[in-house]
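One chain, chain A, links the two complexes that follow: it is found with chain B in the first and with chain C in the second.
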Partner chain A sequence: MLGLGIESTAHTFSCAILEKKGKKGKILSDIRKIYRPPDGEGIHPREASRHHAENSPEVLSECLKKAGVKMTDLDIISYAAGPGLGPCLRIGAVVARSLASYYKIPIYPVNHALGHIELGKMLTGAKDPLVLLVSGGHTMILAFLSKKWRVFGETLDITLGQLLDQIGRSAGFASPCGTKIEELASKSTNYVNLPYVVKGNDVSFSGLLSATKQIIPKGLEDACFSLQETAFAMIGEATERALSFTGKKELLIVGGVAANKRLSEILQSVCKRHNCKFFVSPREYAGDCGSQISWTGLLESSTKQGVPIEETFVRQSWRLDTVEVMY
Partner chain B sequence: MSFKLRFKLVYKLLKLLKKGAEADIYLTLWDGKKAILKIRQKKDYRNEILDKRIRMQRTVRESEIISDIKSFGVRSPLVYFVDPKKCEIYIQYVDGTSVKDLSNPKIIKTCEEIGKIVGLLHKNGIMHGDLTTSNFIVQKGKVFVIDFGLAQRTDKTEDHAIDLRLFKEILNSAHAHIMEKAWISFLKGYKKIVGISRHNRVLIQVSVIESRGRYANVV
Partner chain C sequence: MSLECKVQVFLNNLTPQKSNAIRKALTPDNINFPENLSMEIENVNNSLVFTFQGKGNIRTLISTIDEVLEHAQVVLRVIG
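Up next is the complex of A and B:
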């Protein structure tokens, strides 16, 4: 079975074609174009959607070409219906709808966060993991229980990705800033005290954001180091709490921030303490990509019919824990 | 018995009960009685300065609050001995069942009692900070509350609402099948203690916090 997936929730416009045989998936192609805002600025939804619209034909045709697949070969089309930025989501949805109605291919709206998890599971082979989803849009600890992904802990305000991006931007970097912060942090070992806020299984980063901004003038590298140490230790503790409460024996990290080495290191150490297997999405597929959408659509198609075109909405704030998983 | 000798005896009888999230829980003896030794081990993934700050602060705060709350009638283990430098606490062993492991109807029923306990804590300016069903133990029909590592002295509605929200989140995730009933039962107990006006105030704040969450309330 062949599926096209279209991702356009935020910075990234991506198309991917995956093949599903039984329970196994294979990525035939995954093409991306990423919108880059000017240094020191964040994503502008209108500009990002313009970028997506302009690049969509090229990304799509390149994706088909690389996979060696014709439009008429496709069994289903899936698109990221949320959560994300409205203008950006609409571009992906428009492309998906046009293709689906012109070629009469079943269409599936997919939850972007669910996509991260399903692709992570497919690529790493994790069976029943506790999932840590860390990206620009999410910071959540999840476990699957009777048809839904249940939230065991999450951020009470901004996400880990936003925290890193906002610090990076205030220092004048181009976002996403995670890599730059990681690089600067590795040059320091001088820890400056910063607020550490864990509330049960939840974390809160807003105070840490303000406090880190204040120490930047005293030394950017120290600030980046202390920021990472504090924020990641908070995530580490919240994850440990969820692991010990749920008794899960696998931990899977997915999402853009999963690419950070220091975070991986901390979570690996957490797993060691709890005798639990550690899985992390491969760097290339940790961030937003069409594959996550295509794969989830393929999974859904095993139990569900496609959605009628008039019901192919986008939902900017479609929470993962409201999605019923039937497959 | 001298302190040193007593310590030797105690260490001999250590048995690891649970590797918790932030501390290791051992079963041991104190003065011939079964006791719990809670050690906040150094975490090598955490920066050393940060790690020490967190462990010491929590050890001291936990032992203070766990004793204080007895004065207004909340059942909690007795504290036998505290070593802030080693981040160790010796507390009474409560032989019972964690609420998390009870049958569903019993969890629903016990939630009213939990609501009362949380009400008492809040009324006396204490936030528990880690309200999960595994932190309440039922012993012969009496409910004990444990684990005050994240507790704080606070009268802020916001902080009390955070307690409630966490408990709701746990019901939602770990006890999804009985969430509605358990939550209603919890609120019933909570209201009995704090009164209707405070109960409403905190609940409104809970929805404010929820609406702050990611993708909670926009369009």
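Up next is the complex of A and C:
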């Protein structure tokens, strides 16, 4: 079975074609174009959507060409229906709807966060993991129970990705800034005390953001190092408690921040203490991509029909713990 | 006195399949408009006619027309 997935929740416009045989998936192509705001600035939703509108035909055509398939070969089309930025979501939905109606192919709206998890499971082989989803849009610790992903901890304010991006932007970099922060942090071992806020099993990063901005003038590398150590230790504590509580024997990290090696080191040490297998999404597929949407659509198509086009809405706020997983 | 505007946009020389694809692709995002704004899409011969009506803030009307036409262009470019 062949599925086209369209991702457009934020910076990235991506199309991917995956093949599903039984329970196994194979990525045939995954093409992306990423909106880059000017240095020091964040994403402007309308500007990002203009970028997606401009680039969508080229990305689609390259995706089909690389996979070696024609539109008429596709069995389903999936698109990221939320959560995300409204104008960006609408471009992906418009592309999906137009192809679905013109070529008469079933269409599936997919939850973007669920896409990160399902693709991570498919690529790593994790079976029943505790999941840490860390990106620009999410910071959640999740476990699957009774057809839903249940939240065992999350951010009370900004996400881990936003924290890194906002520090990066205040230092004059263009978002996303995670790679730049990681690179600068690796050049220092001088820890400066910063606020560490874990409430119950939730984390709060806004105080840490303000405090880190204040120490940047004293040394950017020290600030990045101290920021990473503090934020990742907070995440590590909440994740360790969730592992202990759920008794899960696998931990999977997904989302754009999963690409950070220091975060992986901290969580690997947590896993070692709990005799738990550690999985992390491959760097290439940790961030937003069409593959996550295509694969989740293919999984959903195994248990349900496509959605009528007039009901293919986008939902800017669509919490993962409200999605019923039937496959 | 608030400004009332009616704007019609004609996309000409479209096949029925392309008209249908545009209409279906755009409709789900254009429901539940605010009270002072409306949009209708209809087929007239070989044209697709968009009728926008707005009252009050003209910028909202302009932004809506801008986005809808951008989406129509995306549809035509992806279906070729």
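By our rule, the second predicted complex is superposed on the first by the 327 of 327 C-alpha atoms of A that agree within 3 Å, B and C clash if a C-alpha of one lies under 4 Å from a C-alpha of the other, contacts with A are read in each partner's own complex, and residues count from 1 in each chain.
Quick note on the criterion: a contact is a pair of C-beta atoms (placed from the backbone, for glycine too) under 8 Å apart; a residue touches a chain by one contact, two chains touch by 3 or more.
Fair warning: this is a prediction, and the values are worked out from it, not measured in the lab.
Engineer: Just from the overlay, do chain B and chain C fit on chain A, or is there a clash?
Structural biologist: They fit side by side.
Engineer: Quick check on the superposed pair: does A:Lys277 touch chain B, chain C, both, or neither? Answer first, second, both or neither.
Structural biologist: neither
Engineer: Is A:Gly236 contacted by the first partner chain B, the second partner chain C, both or neither?
Structural biologist: Only chain B; A:Gly236 stays clear of chain C.
Engineer: Of chain B and chain C, which one contacts the greater number of residues in chain A?
Structural biologist: Of chain B and chain C, the partner in contact with more residues of chain A is B.
Engineer: With the two structures laid over each other on chain A, which partner does A:Lys66 touch: chain B (first), chain C (second), both, or neither?
Structural biologist: A:Lys66 sits against neither chain B nor chain C.
Engineer: Which partner does A:Ala53 contact after superposing on A: first (chain B), second (chain C), both, neither?
Structural biologist: After superposition on chain A, A:Ala53 lies in contact with chain C alone.
Engineer: What is the contact status of A:Pro83 with respect to chain B (first) and chain C (second): first, second, both, or neither?
Structural biologist: first
Engineer: Applying the touch criterion given at the start, work out whether A:Phe245 contacts chain B, chain C, both or neither, answering first, second, both or neither.
Structural biologist: In the superposition, A:Phe245 touches chain B alone.
Engineer: Based on the superposed arrangement, let me know which partner A:His44 touches: chain B (first), chain C (second), both, or neither?
Structural biologist: Neither partner.
Engineer: How far apart, in whole Å, are the nearest Cα atoms of chain B and chain C in the superposition?
Structural biologist: Between chain B and chain C, the shortest C-alpha distance works out to 12 Å.
Engineer: Sort out for me which residues of chain B touch chain A in the complex.
Structural biologist: That would be residues 18-22, 43-51, 53-54, 129-132, 134, 150, 162, 166, 169-170, 172-174, 176-177, 209, 212-219 of chain B.
Engineer: So in the complex, which bits of chain C are touching chain A?
Structural biologist: 17-18, 20-22, 24-29, 67, 70-71, 73-75, 77-79
Engineer: Going by the contact rule at the top, pick out the chain A residues touching chain B in the complex.
Structural biologist: Within the complex, chain A touches chain B at residues 82-83, 86, 137-140, 143, 145-146, 148, 150-157, 159, 191, 193, 196, 198-202, 226, 229-230, 233, 236-237, 240-241, 243-246, 265-266, 269-270, 273-274, 315-319, 321.
Engineer: Which bits of chain A are touching chain C when the two form their complex?
Structural biologist: 49-50, 53, 56-57, 60, 87, 90-91, 93-95, 97-99, 101-102, 309-314
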